[in-house]
Amino acid sequence: MDFWLHVVNMIGLFIMLGVSLNLLLGYGGLVSMAQAAFFGVGAYAAALSARDLGLPFPLTLVVAIVVTTLLAGVVTFPALRVRGEYLILLTLAFQMVIYGLMLSWVDLTAGRTGISGIPRPRLFGKTLVTPAEFLPLIAAGALVTFAIAYRIGESPLGRVLKAMRDDETATLAIGKSVLRYKVLVFCVSGGLAGVAAGLFAHYQAFINPFSFNLDRSIFLVALVVLGGTGNLLGTVAGAILFVGLPEVLRFLQARQDIVDAIRNLVFGLLLVLFMRFRPEGLVPEHARGRRRQGVGQPAPAVSVTGILPSAGPAHDGAGPALVAQGLRKSFGGIKAADDLSLALPRGKVTALVGPNGAGKTTVFNLLTGFLAAEAGTVSLQGEDITRLAPWRTVRLGLARSFQDVRLFERMTVLDNVLVALPEQPGERLGPLFFAPRRTAEAERRNRDQALGSLAFVGLADRAGEIASSLAFGEQKLVALARLIATGADVLLLDEPASGVDLQWVRRILGLIRQLAAAGKTVCIVEHNLEVVTAVADHAYFMEAGRIIAEGRPEELMADPRLADIYFGTSRR
Amino acid sequence: MSLLAVEGLATGYAKKQIVFGVDLRVEAGEIVALMGHNGAGKTTSLKAIAGLLPLWSGGIIFDGEPIGQATSAARVRRGLSLVPQERFVFADLTVADNLELGAFSVADPTIAAAQREKVLTLLPVLAERRRQLAGTLSGGEQRMLGLGMALMRRPRLLLLDEPSLGLAPLLVERIMETIRDIARHDNLTVLLVEQNVRHALAIAQRVYIMRTGRLIVEETGAAMAARGEWWDLF
Amino acid sequence: MLALAAQLATNGLISGSLYALLGVSWGLIFATTKIFHFAHALTLTVAVYAAVLAVGQWGWGLPAGFLLAAVVGCLFGVATERVVYRPLRRVNATSLNIFLASLGLLIAGESAVLIVFGPQARDLPGFPISGIALGPVAFTTVEGLWLAGSWALLLLLIAWLWWTRYGRAIRAVASNRELAQCVGIDPERMSLLVFGIGSALVGLGGMLLALRDTVSPTIGVQPVLTAFIAVFLGGIGSIPGAVLGGLVLGLAENMGGLLLPGHWQGVIAFVVLFSVLVFRPSGLLGVRTR
Amino acid sequence: MRGNRLWVGMSLVMMAGWAVLAPPAPAEAQEPVKLGMILAMTGPGAFYGQVMSRGAQLAVDQINKAGGIGGRRLQILIEDHKSGDADAAVTGARKLLDVDKVPVILTSYSAPTLAIQPLAVEKKVLLLNGGGVGSVLVGKRNLYNTRMLSSQTAPFVVQWAVSRHSAKRVATLFWNDAAGQGVNGAIKEACGKLGCQVVAEEPHDIGAKSYSAQIARIKAARPDVLALGSFGDDVGYILTQARAYGITVPILGVDWTPNAQKIGGKTMEGYAIAVDRFDPAAGDDKTKAFVEAYKAAHKDSPEFYAANYYEHVELILRPLMKRILDRGGDPAKQGELLGEMERALSARLKFASVYGGDMQIHPDGTVSKPLGVYDVKGDALTLIGRIVDGKIQARP
């Protein structure tokens, strides 16, 4: 029986490791090839603190968790700067450095000889030795780890992580500090791996670097991916299938070495085949039963003011909501903004028009902090925001949309909007775990508000669908609902009507007018002067990084000089 | 028979449809302009015609032969050439390498050499800069190089995507003149995507206007020019 | 001390040259196709096993073994591209998924080699190993061959890339895939070509390694990890960068011997990579990407 | 969604299939005594696993052919530790101890042996190690080593260096693990006593293949002799590279294998070791019988690793089991073999050895076997000195 209980314990440990990695990889979109390294560092920390410092068991577990959490925090900083292949390689390098240290720093780790004589833990006056005695402890560990990961994954915090995974830029644009969440998810993932590590060291009573090598990191990534990223149940299924099942093979009457090779062969081939035919893994992120949220609920009555959350303090002073002065920015030799000044009057729709390449989108990027201006200032409601990060400007009440919508494509429509709501207690670990009722209440309110935003744009009935499955016009509306949800008072819309059919254009323009009527300050970038005329109170005409005219849209259209610039000078 | 006939062209990126059934034709020797504002699907249409994007439905007939399923390389060999809107030179290769690559589809080295002579006479600035990396050229020079590369392979139909983008007005005029000259002398057919309406009208015999993935206007350049005002179209 | 430094520098140059070759073999594929081809390690293993079989068991000469390794590597690489990667591209697989498939292929392939050839190490007979002394520095004949062989192949490849039609086309695809299509280059064919060339090179590189080391089913992983490092040190997309990266890596590893005991070599490589990625993410010669 | 169910279903079918494939254990009246082995069946050390299992299997086959021990047949069960993976060793050991209920496990390598030792204690199972040579294996309950530890032999290397080569300056190059470190420590200690000085200490990774940096540093230290604390193939690589890099001083060590000889070739000439050496060509009748039988089965002369595990079964377990059966006990029962071993040791019982003569296993788990100093001539080892009472007696 001990043998099978041992297998169950190993599955439990792998569930912990897999879940910790899934949080990072499936939710945060951060590929780490170093999970085994964290596991190992935690195991060594627990082993050494127990054997050499004589710490008692629960304390050694704490040591393991603290050490892995801190280490994860340290690795995050270089990892923040890189993405994609670079992140894979960076974490791979980290894995190799840690493994090399375990092998070579013999004075501390005893190299490949390993550390033996790790004391068995004593709990409630009983020393745990056999797999059966360990089972409750490991099961509890797996349960707690899973519960923590699940709580995070399926909370507002998990929603932000998924948003970050799907589109970092758009996550910044809804007022979330990508940096903060990356550090957070790395640390949490490291800490959860530390739980597994602490238990593992005491359970095996012996550790050596072999258990923490690159192969194991690769195995963990494969396990999570085959199980299904972004769904923790998939990881559990993966651990049972790929850790537990092969042990059955031990009972085949065949040579051990061949059996092991066949297992790996099958495992490798499965990985290739899954990537081709079922990349979402055994249990996909949006498995049955998980997609229904928001559907079937009656959409609350839609009154424009009711659905408009407000982030900052109410501003009812006179004067423009946003003022930019003397902005300059150049790329290479091209001046994208050249001593550019503008002001957005409160509660009005202002348009930024001009030919392609005039620098309109650049202006948005400068105003919202996505680009740093070389000179000039931006002030929002009288406050200087020139040097602020994009997510901070959103918190202060200035938000922007993107020409190419940039929805969080693998999330539901409702989640796309929900994630943008400001100040959600469930986005922080403290309230999430220690004030569950407040978190739940806030979530209920936020849901209503998000559904309200969706009802406002007329898409409440699509709330449960995956964003990428919507038509482009609908996606634009979702993006608008998401923008409204940030609660910003000043909204910058980049080509809200481009790429959609006429009936959609009318609908979007109507919504923009309603927003302005409700007191929002709106600025749109637009090519189509007809659209501008229909919606804007005031327009700036840009060319080559400068504003060369302003006035009512009809006035600008009547100006033959501007027509020349827009349509080109006729040749004589 | 038209040199290029496109029927019911539909295409897009990944799952996102951008172009919803476009019919257009280009006669041999014509310069045709395709216009419309941002996001209308002009560039996407050109890419589909050049074979950079798969055809979702519809057909493309070039010189009497259906090419809708051919690879882009096969289309280039038949004489259909696209100069893209952005990144139209190999920035980290030399000007000379860029020109050679322009003629990649020309198997016969003597033809390529002759063509190189011709292009360098036409665009003398390139001759001076042969050893330079293309990325170090000025915006105008890079445009010239992009055009020169296309000419290296002696195309019959040139698809030009916003050749005036990001250029100073004076340079735009030069580019347009160059295009017209080349079209005239080499009996080249051009399908041009252009923002600058007047410039396009100055050289185009016919005009198509797109909006949200569909054609909304087809008329001669003259008729278009006669409207005098185009705010409602763009 | 000076003699030690000279010796270590020589060692660094020698291993750096082989790293450069391995780096270029992988970097060429990565630059052109953007595939994080982890299974390159499998190509090396397969090519070298074929040659070991031919030389050790069928009694082929060593030069014929080298030729066979190149041919087998080339074919295996091309087959990988056709059978595994191209279908994945057709269904718009993400680069992460392609990377994972590559990992899966490596795991499965190594196991297959293990099942067919058994776990025991084999060796590549037939090369006389002796010492060559040049003043204060000494190296073995194998290392001499590494130096000569690596540079011969590197220079040949660079010449081919810079002065021939297809070489230029490959650089064009690496530089700007879409424009390459516009000028009539078929990127799918170029993918096959770089997989063929890169895989042949890694087969030859593996043979150079096998002259000194024994051959086991996992022989490919370490050299290919080294290749990654060389490429990312030098800057992805740059062939001269990969050469430089390989040399820097070899020198760093060995010159580290002035300060640290030799067994820290393996760690040094990854510390160097880690630091470069932190302080200069695009590599030494890399083009700045957004 | 339907696809989802399909995949889960397919996985379940796979699971069921595997479960069915696992055959139920056949019930037998007189079950054989099962001997567990945890060896390097895969990974870089697979060669050792193969040789060790052959040695043990040969002994088992011989015993079974002769009708077993007092009618009890033997059966060997092998689990793989993948050349040093402690996790794999533990899982394998759990299976052997719990499912197969073996009374004894023959292990190899230092780390896996250490990893499974607590489990053996828990189940009262005897552990015999004939492979690992780390000094960390000394003084572990239930664990008995039948190979002399490198730290026991290394002092004689220094003695030889000082007496034969008048060495004042010694450089060491050794495995960066317990075994290698043990050699290095023993050499330093012996040097302190015999008046020489260790001028360079260079650890290297096991199976490193390239030693250029270490050799360059050693060369710069200008030693009179180079002493190796490396084992297996590594010795061959080191000799080749050291000679190629112009190290001309004598090279001594504690390990030599035919495979290392093949790798090192001519550069191995003169390489001298102090070791408890198994020589297939020497020894008494039991040695000859073993060598003949091994050659007949595998067409190859046995390695000393094969000899060690043959010895485990034939010369240690067999007499122990005989004694258990004689007093009416059941050798298959966990605890019996261990108890018998402990009784035998406290009675200072000697076991015969295929190395020739007897071996003395000590209660701390170490062993004493005949020791000698050998060097390579041609492509074989020749005895150049016997060690008697802690002193080397050179043979003319």
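When the chains are written out, they are named A, B, C and D in that same order, and each has its own residue count from 1.
Operating definition for what follows: a contact is a pair of C-beta atoms (placed from the backbone, for glycine too) under 8 Å apart; a residue touches a chain by one contact, two chains touch by 3 or more.
These numbers come from a predicted model, not from an experiment.
Enquirer: Between C-D and B-C, which chain pair is linked by more C-beta pairs in contact?
Expert: Ranking C-D and B-C by C-beta contacts puts C-D first.
Enquirer: Would you mind checking which chain's C-alpha centre is most distant from the centre of subunit C?
Expert: Of all the other chains, the one whose centre lies farthest from subunit C is B.
Enquirer: Quick check: how many Å separate the C-alpha centres of subunit A and subunit C?
Expert: 35
Enquirer: Using mean C-alpha positions as chain centres, tell me how far subunit B is from subunit C in Å, no decimals.
Expert: Using C-alpha averages as centres, the distance is 41 Å.
Enquirer: From the C-alpha centre of subunit A to that of subunit D, how far is it in Å?
Expert: About 53 Å separates the centre of subunit A from that of subunit D.
Enquirer: Can you list the residues of subunit A that touch 2 or more other chains?
Expert: Each of 104, 257, 261 in subunit A touches at least two other chains.
Enquirer: Touching at least two other chains at once: which residues of subunit D meet that condition?
Expert: In subunit D, the residues touching two or more other chains are 41-42, 46, 176, 203, 205.
Enquirer: For subunit C, jot down the residues that touch at least 2 other chains.
Expert: Residues 114, 119, 263, 266.
Enquirer: Quick one: which chain pairs are touching?
Expert: A-B, A-C, A-D, B-C, C-D
Enquirer: Would you tell me which residues of subunit D are touching subunit C in their complex?
Expert: Going through subunit D, the ones touching subunit C are 41-44, 46-47, 50, 176, 201-205, 208-214, 216-217, 219-220, 233, 237, 240-241, 243-246, 262-263, 265.
Enquirer: Contact residues on subunit D for subunit A in the complex?
Expert: 1, 3-4, 7-8, 11, 14-15, 18-19, 21-23, 41-42, 46, 49, 78-80, 82, 84-87, 90-92, 94-95, 97-99, 110-111, 114-115, 117-118, 122, 134, 136, 176-178, 181, 203, 205-206
Enquirer: In their complex, what parts of subunit A are in touch with subunit B?
Expert: 333-334, 355-357, 403, 468, 472, 495, 498-502, 527-530, 557, 563-564, 566-571
Enquirer: What residues on subunit B touch subunit A, complex-wise?
Expert: 15-18, 37-41, 138-139, 162, 165-166, 169, 172-173, 195-200, 202, 211-213, 229-232, 234
Enquirer: Residue numbers of subunit B touching subunit C in their complex, please.
Expert: 14, 50-52, 71-73, 76-77, 81-84, 87-93, 97, 100-102, 104-105, 149, 153
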